[in-house]
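Quick one: the structure is below, questions incoming.
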Amino acid sequence: MFYREAGQYKTSYAADQAIFPVLQDRLGLIAILIVAFVVIPLSGNEFLLQAVMIPFLVFALATIGLNLLTGYTGLLSLGTGAFMGVGAYACYKLATVFPQVNILIWVVVSGFFAAGIGVVFGLPSLRIKGFYLAVATLAAQFFLSWCFIRIPWLYNYNISAAIEVPTRTAFGVPVTGPTATPVTRYLVVLSIVVAMTWLASNLVHGRIGRMWMAVRDMDIAAELIGIKLYRTKLLAFAVSSFYCGVAGAMLAFLWLGAAESESFNINQSFLVLFMVIIGGLGSLTGSFFGALFIWGLPIVLRNAPGAFGLSITAATVEHITFMVVGALIVFFLIVEPNGLARLWQIGKQKLRVWPFPY
Amino acid sequence: MHMKQLALGAAIASMVAVPALAEDIFVPLLTYRTGPFANSGIPIANGMHDYLSMLNERDGGIGGVKLAIEECETGYKNEKGVECYEALKSKKPVVVNPYSTGITLALIPKASVDHIPILSMAYGLSASANGQDFPWIFNPPATYWDGLSMVIKYIGEKEGGLDKLKGKTIGYIYFDGGYGLEPIPLLDQLAKDYGFTVKKYPVPPADMQNQSGLWLNVRRDRPAWMIMWGWGAMNPTAVQEAAKINYPMDHMIGVWWSGSEDDARPAGPGAKGYLSLNFNSVGANYPAIQDIQKYVIDKGNSQTAKDKVGENFYNRGVMNSVIMAEAIRNAQQLTGKKEVNADDVRRGFETLKITPERWKELGLEGFAGPVNVTCTDHNGHHAAYVQQWDGTKWVKVSDWISPMKDKVQPLLDSAAQDYVTKNQPWPKRTETCDKSS
Amino acid sequence: MDLLYQIFIDPFVQMGTAPDLLVQTLWEGLVSGVLYALIALGFVLIFKASGVFNFAQGIMVVFAALTLVGLYEKGVPAFLALALTVVVMLGLAVLVERLMLRPLVNQPDIVLFMATFGLTYVLIGLGEMIFGGDPKVMIADQLYLPRGAIDVQMLGGFVSLQKIDIAAAVIASLMVAALAVFFQKTRIGRALRAVADSHKAALSVGISLEQIWVVVWFAAGIVALATGIMWGARSNVSFALEIVSLKALPVLILGGFTSIPGAIVGGIIIGVGEKLGEFYWGPLLGSGIESWLAYMIALIFLLFRPQGLFGERIIERI
């Protein structure tokens, strides 16, 4: 009833090929953006911003990065955490060596360093496929984790062996460091994520995205029609690592305010992989769903007993969280192996014909 | 649909911060009862929680005001620690115990801006002993650098004098993270001063239980002494491996965080002779601990197993809570208020003075050494002693050893300076200094 | 020049001057290789029969060991606890088959792989909740596993062979032999191989997929229990073991995902390579290289022989 396209005529090819052809979709997107940019900061709830929204956005970006590699190109990667770390440490070195340059520029530039490392570890992808490639990325993960501790130059010889984020300002307002307010940081993270999602959306709907999906679906056929496999795969690694690197820089600078090698360990890689799988392989909206689900669910579970007046020890809540997350992962995989994005699509489909069943 | 409503409701509920009752003093405990460091974290969490509970039950709180105790599970992970801190900030905590050097380092800049005191008892950033630069961070009774100097002193004593260390090799096996890397600058300095060589053996956190290769290296290098800076699952594995290669256990000495009974017990008879530093006592034979038994454990309000009361790390947790309780009491005396806030408790910490008589009043006579904190010295650089594992329990085998203040102080000052310059703009201290009564 | 000497000459000089340490290193590598192989064996079993890469194998090792120790701490005598743990693993296999595998029949491999991830999380939470997070001591003495070491005087020094390591090697070989016989000679073994080839074809021949899966997950559970006992006896039983199971991946790369002898050989190669590398070349790089050396070895191996030593060559059909 509400979601009908009847009456919406397209008068140009561009309008017809738009990503959101239905007006309601576009309105919905604008509504979401308004809520994100205006309503949430105005609500001012520090916990919501600091502990829910900022990490959700950071992980959503990393999930988009991994999704580009695993979902769109079909190359399973378990090195996401390490690539995020490369971005974070690169940003730290750049910020401390060139303190006068705006930190936001460095956050984005650090992605290129991560892209470079990603390409290096993606080089085996021509000879190795599928699972075996995952082991190659595991090598990247453990090797880079080791480097983050063992190369003191990376953390400026700090005694703590950790990145200590200096206070930096943008347009006169402190953006990183302890004086930066959650609202400021949230808006910065949100802007970067929105911009990069827009970029990813264009990539994915264009020629490059189609090349990636061709490689994923049947790489021999793709080669036959003229797609250069090596270059496509390396480009996928590069772009994916770029996104992960920026996400990592934001994690260190705009969320935690500190980071060390353990912040980018194998568990982080698994976490992002869960988000990709639950959200849906090969879907950008799915990346956001997956990140929200995997990040938000433990928080809800942790706070729910308190809100309902039950007193359960913190450790038991932790255990229950693990179990519920695990069980829900299995549940979602059974119910909808294509992830939350597919459920969303089905939901929209049903809405289009609502209140009729078909 | 039901799921969605439940989730939405819970989400909204979680957004509404549940404030602590206005009459209570909120004391959060950042603990870890899960994960690879749980074996060290659980007894400490128990000790911290039980002592404060006991104060609530026996005395009705501190100065008549009850303490609202809440544990937040961090798993020794930095992000979780920061998340716990942010989540609990709105409940107006009067002090935060991160119980992890990594989390402490992440929270130091935040706490200085949010004005919440951090108690990092004998861990964290050694340089934060400098009260001028770190008005909100406290780490009595001794820093890691003090501890390391005490270890070297003990080794020197055993060898017949610090000059006898010349030419010897001392091995340093450590947790490959902020905690284990922290003392290394002092170690290198002391090696230069006294002429011994240091062989470093880092244990990666991901692989703490797989140390056999590392200890093969120890067997090859044959250091005269081994110093251990371990935590969590690393400790018992290291002791077992040392026993396996027949390393003389009475030449292996761990810092106070490597001195739990659970660290030495799994190695069985091979662990006999293992040494460690300590600054509190072991045993349940104190009136206060009997009170804990009576008011908390027997009533079923504790997660502690009966036979674990009085063990080293349990008592360590108790000591942590004693320091907090005394600071809160101090704050109440200083300000005359009953419901003190974070600013007041900071002043309470800065005037902290636990004399041996005060320990006796608390029902913990001889439990630990005196604790003195001043405005400029947030640590006190107090002494510790060496204890030895005799197969079933810890036995004190040395006098109280004081740290090498002349070596440690200049390094601390320069490290604090270093930290401040690296983290510009660093808030200059504006808090006034109270003279302790 | 000095660096070249350090990389290429010095380690061998060290090997020559302290041969007892070399033998010790080789022995340590052998032992850890055998333990990696045991974990890899569990992976191979499940992969061979159901095409599922069971990421939860590591946590099954921990869970089995914890159940055993937990039951013993509750007062159950050691061997009865062992039997009960076997029953628990059977129960786990049945549950997994019914709740996880049956609904996911014929889904792509990545989905099943992710489902085992979910299973891992569930087992971690369950294990910690029931047994507590603190590490436990394995009841090695009660199971009559030998303690102590044999110090063999040789080559100018001594080589210390822990008796528990010898026991582990023996038990592992027995297990491998038993499994090899099981797969080759028995009817169920053949059925397992049929299922590994194609689910649909096996169904059409009348092989009950559900039964086979229960059998194979149960077998993997037994292997997990043995691994847990051995590994727990050497160090503690704690959740840190779970990450070590990731090391089984390079073993599988070398040995092939479907080969049981390959798991053993791969495990030994990885174990020995790791220990030798860490001991002789580790100090050059700052030590601690054990954390990534195995994966690098596997990676280099993959570049030259993607199917592993014993794996089947993948023939691509367009």
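Letters A, B and C name the chains as they come in the text, with residue numbers starting at 1 for each one.
Throughout what follows, a residue touches a chain if its C-beta (ideal position, glycine included) is under 8 Å from a C-beta of that chain, and two chains touch if they have at least 3 such contacts.
Everything numeric here is computed off the predicted structure, so don't read it as measured data.
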item	value
Far-end chain from chain C, centres as C-alpha averages	B
Chain pair with the higher count of C-beta pairs in contact (B-C, A-B)	A-B
Distance between the centres, which are taken as Cα means, of chain C and chain A, whole angstrom	33
Chain B and chain C: spacing of chain centres that average the CA atoms, whole Å	37
Multi-partner residues of chain A (at least 2 other chains)	142, 145-146, 149, 266, 315, 318-319
Residue numbers of chain C (touch at least two other chains)	128, 133, 243, 286, 288, 291
In chain B, residues with contacts to at least two other chains	33-34, 176, 202, 204, 206
Sites on chain A touched by chain C in the complex	76, 124, 127-129, 131-132, 134-136, 138-139, 142-143, 145-146, 149-150, 218, 220-221, 266, 270, 273-274, 277, 281, 315-316, 318-330, 333-334, 337
Footprint of chain A on chain B - complex, ascending	7, 10-11, 13-18, 31, 33-34, 70-73, 75, 77-79, 82-83, 86-87, 89-90, 101-102, 105-106, 109-110, 112-114, 125-127, 176-178, 181-182, 184-185, 202, 204-206, 303, 415, 419, 422-425
Residues of chain A that touch chain B when the two form their complex	45-48, 50-51, 55, 96, 142, 145-146, 149, 156, 158-162, 164-167, 177-179, 256-263, 265-266, 296, 299-300, 303-304, 306-308, 313-315, 317-319
For the chain C and chain B complex, residues of the former touching the latter	18, 21, 24-25, 28, 32, 128, 132-135, 137, 147, 149, 160, 162, 235-236, 238-241, 243-244, 274-275, 278-279, 282-283, 286-288, 290-291
Chain B - residues contacting chain C, complex	33-36, 38-39, 42, 176, 200-204, 206-210, 212-214, 216-217, 219-220, 233, 236-237, 240, 244-246, 262, 265-266, 268
